[in-house]
């Protein structure tokens, strides 16, 4: 019945159908979210006994004054600004090249996708060698003698390189899917309309890829904000030399697991969450505002 | 501009030739229809003319200029795609002005020209809308305006009407004819629908399996089909066909024996079948049974059964209550084809 | 399709059959013996895990009351994280291997219980002094030593001979050797990821230790700073290096880029396995400073959780005593490269034989008499992170010890106050 009106019975039935997923989501997503949000306000708290003796904003005040946290925020922002545009541009570029060649394209596709499915630890081992000051590949290629991983001036760059490289494969596959979805007629029309190869790229390829670009960008922003395991593996369980690669997520880890400052860790998690919400919110707001240019429709 | 295709050969690989020795000519300012069933190679011809495909052999001439190797961008061709291919991120104005933008025309001039074109195709009120806010017919008009924007010498239309509903189809069909006459641009349009072609084309090329069957006007194709394919493809309802062998007892002496011995298939149009006596009838007293009669608009169609063959007549008067038992076939609209399906005899060409 | 379905059906049957069988067998085991089960989380892997399992089996076979079930969590960090999670979900094991400096946190969280009621002071009298001191928190023995090691000096025999140098007895010797080697692009000393452990020892030798009595330390007095300068100066003038992301100084050591390496004795077996061809190395006790010798003992202890039943606690104590017994601790030491926990092990004939065959193990044994361990206190880990950061500043950013220690000293009151929460 298409015109059936919702009744108490039908609503209950619907709830019953939804129940498994709802229970899973509430237990594993909503409840931890709420409890860590609450924990961030516990100022006198015994984690093991779960006793809360006082609540307040002291943990946030602590973060506000804590130079390590400031460093973590700054490093995270630098990291995001370094990784996101590079990843998007590089993966788009490589996807375009792969789309041009037919020969061996699936071979290259696999090559680029491999890092995504390889364990972080294995990747870090390889990069440790590449970045090594004395006999590393990178220094051999550049002819320099940079201690990429132990010099605080370079270690964040090193981390950015590894993360960009790791993210490429997945984004290339997404871009290739996007490119495959562009109807060849648009290129033919543009060609007949007198568009050069570059003009075809800017007037057909780019606008048509806009939705997938938005997806990739937002996804990259979120995952870059949450970067942790690459740091842990690349710098031997440290946040880089002299905390040069201390990110917000690493700070959270350190406060929670190493220092046992559970409420401070929770508070830094809340701040990280707010950062991500604001930045992805801004991104979506921007894309919504310009949606007509991007998707060719008002939303 | 005149368009000439000479000895075009096109093959995707060695064994699958799409065209072999394809040649035809389009006059300047002519509206030419490429008519054929799907898979006949009509759209491929458009792509060859547009420069989106390059032939393996042969020449394409615009007037006297050989453009076979010329890039699509430089052929000065306007093309309307079956799915319109409007840029979704651009509004109507920018879509129409796009070719001008590519040609680095100033913005003010672009807008002015786009407005003029919009007026020509009656979409001046839609200039700020985006493609996905438009109906199919409106998108079609935008696509035509865009194709005309850089004042092309040749306009190509690929199945321009096939995505439209019946009413719009008729309207836009006439619109295309109107626009073509106003602009005087040499126009080639591809269709699988004979009505579109017959209605507006100056000249029709009938195509089947990559081979040109006949090039002529619509009337000529109907009256003088060169072969069985054309006879069957043109005309509605479809022409009646029966093996000559089945008809021998009823065929009149009008047809010379020399012809009859070569003839394999007889075809006769529905309007040639009547139950009234006909002067110079080519076949008389064919025993039939009437199975069905329907009124379609102005016409009435009568379905008859002759031996194992089903015949359709539009010349039997409607509301005919009496059971018909025999029919006669008039000379006009009667054709005989040999075993190569070539027409060897036309009923009314021998008076 | 049909084959697939048949296959699935067959596997389901097989699975059910197996499940029933295993259910039967476990029931049998349970009903026939009625042993008290003691669960034990540890961080041992590979050969050490095999050896530990062997010890557990020996214990299980030695009596009929208890049954220890060991479960490796991959590494000590994982054990720690798992304890943090299990404390919440109330799924803690009976005992676990952990860093003894976690004890104050666990006591505060009220999740562990002391061994005192089950293990008499007398039973511990043979343990090395450093071990006996480290397990003591607020007057109670909250942990029992298990996998312990000592910091020792590794030296490149070939290089030493080539340069005509001797095994150093003081830090000044190393400084001197460094100047001689510098022109050859070889450092005198390599440290692990950072030099906190060595600085800990040096400041202790100087009489003003980095890790003293909780947050009540004086980091900026002259003695302490001079001790840190011993290493910092070497790092600055290029006669010593830290391993950084190499993790261990043994990497540089094996490349022949350093003459000495200060590392943990627990690494000996791994190092023996990865020694490059043609290289010969030896071990010695760490050199003295200000006429004193010390060696930092590190490693892991066993703690017992409050959630365990009385019978389990008794069993756990019995198991731990078994592990600390002369025979077992020597066996454990011989197989794993950890040190024997008891003083009398040294005079054990079997162990002496072992040392004669394995001269590299001598240095660690000899270090135990002057071994030390940081006193555990609430906030130790937080302090350790802060110290690590300060030392990183000194290494990576060339900040002077004076500046780094002054900054660290300033943070102490605040850190101490946070622990009151």
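By written order: A, B and C. Residues from 1 in each chain.
We adopt the following convention: a residue touches a chain if its C-beta (ideal position, glycine included) is under 8 Å from a C-beta of that chain, and two chains touch if they have at least 3 such contacts.
All figures in this text were calculated on a predicted structure; none of them were measured in a lab.
S.K.: If each chain is a node and each touching pair an edge, is that a line, ring, star, complete or other?
M.R.: Shape of the chain contacts: a line, open at both ends.
S.K.: Using each chain's Cα centroid, which is most distant from the centroid of chain A?
M.R.: The chain farthest from chain A, judged by C-alpha centres, is B.
S.K.: Would you identify the chain whose C-alpha centroid lies closest to the centroid of all protein C-alpha atoms displayed?
M.R.: Centroid comparison flags A as closest.
S.K.: Cα centroid separation between chain B and chain C, in whole Å?
M.R.: 89
S.K.: Taking the mean of the C-alpha atoms as each chain's centre, how many Å separate chain A from chain C?
M.R.: Here chain A and chain C have centroids separated by 36 Å.
S.K.: Go ahead and note the Å separation of the Cα centroids belonging to chain A and chain B.
M.R.: That pair's centroid distance is 56 Å.
S.K.: Going through chain C residue by residue, note those that touch at least 2 other chains and give them in order.
M.R.: none
S.K.: Which part of chain C faces chain A closely enough to touch in the complex?
M.R.: That would be residues 77, 80-81, 84, 87-88, 105-106, 108-111, 193, 244-247, 255, 381-382, 385, 388-389, 392-393, 395-397, 418, 421 of chain C.
S.K.: Enumerate the contact residues on chain B facing chain A in the complex.
M.R.: Per the stated touch rule, the residues are 47, 50-52, 72-73, 75, 77-79, 81, 83, 85, 87-90, 98-99, 102-103, 130-133, 146, 149-150.
S.K.: Flag every residue of chain A that touches chain C in the complex, lowest number first.
M.R.: Result: residues 43-50, 68, 128, 131, 134, 147, 149-152, 234-238, 241-244, 254, 257-261 of chain A touch chain C.
S.K.: Using the touch definition from the top, list the residues of chain A that touch chain B in their complex.
M.R.: So the residues of chain A touching chain B come out as 183, 185-186, 188-196, 199, 203-204, 207-208, 210, 292-298.
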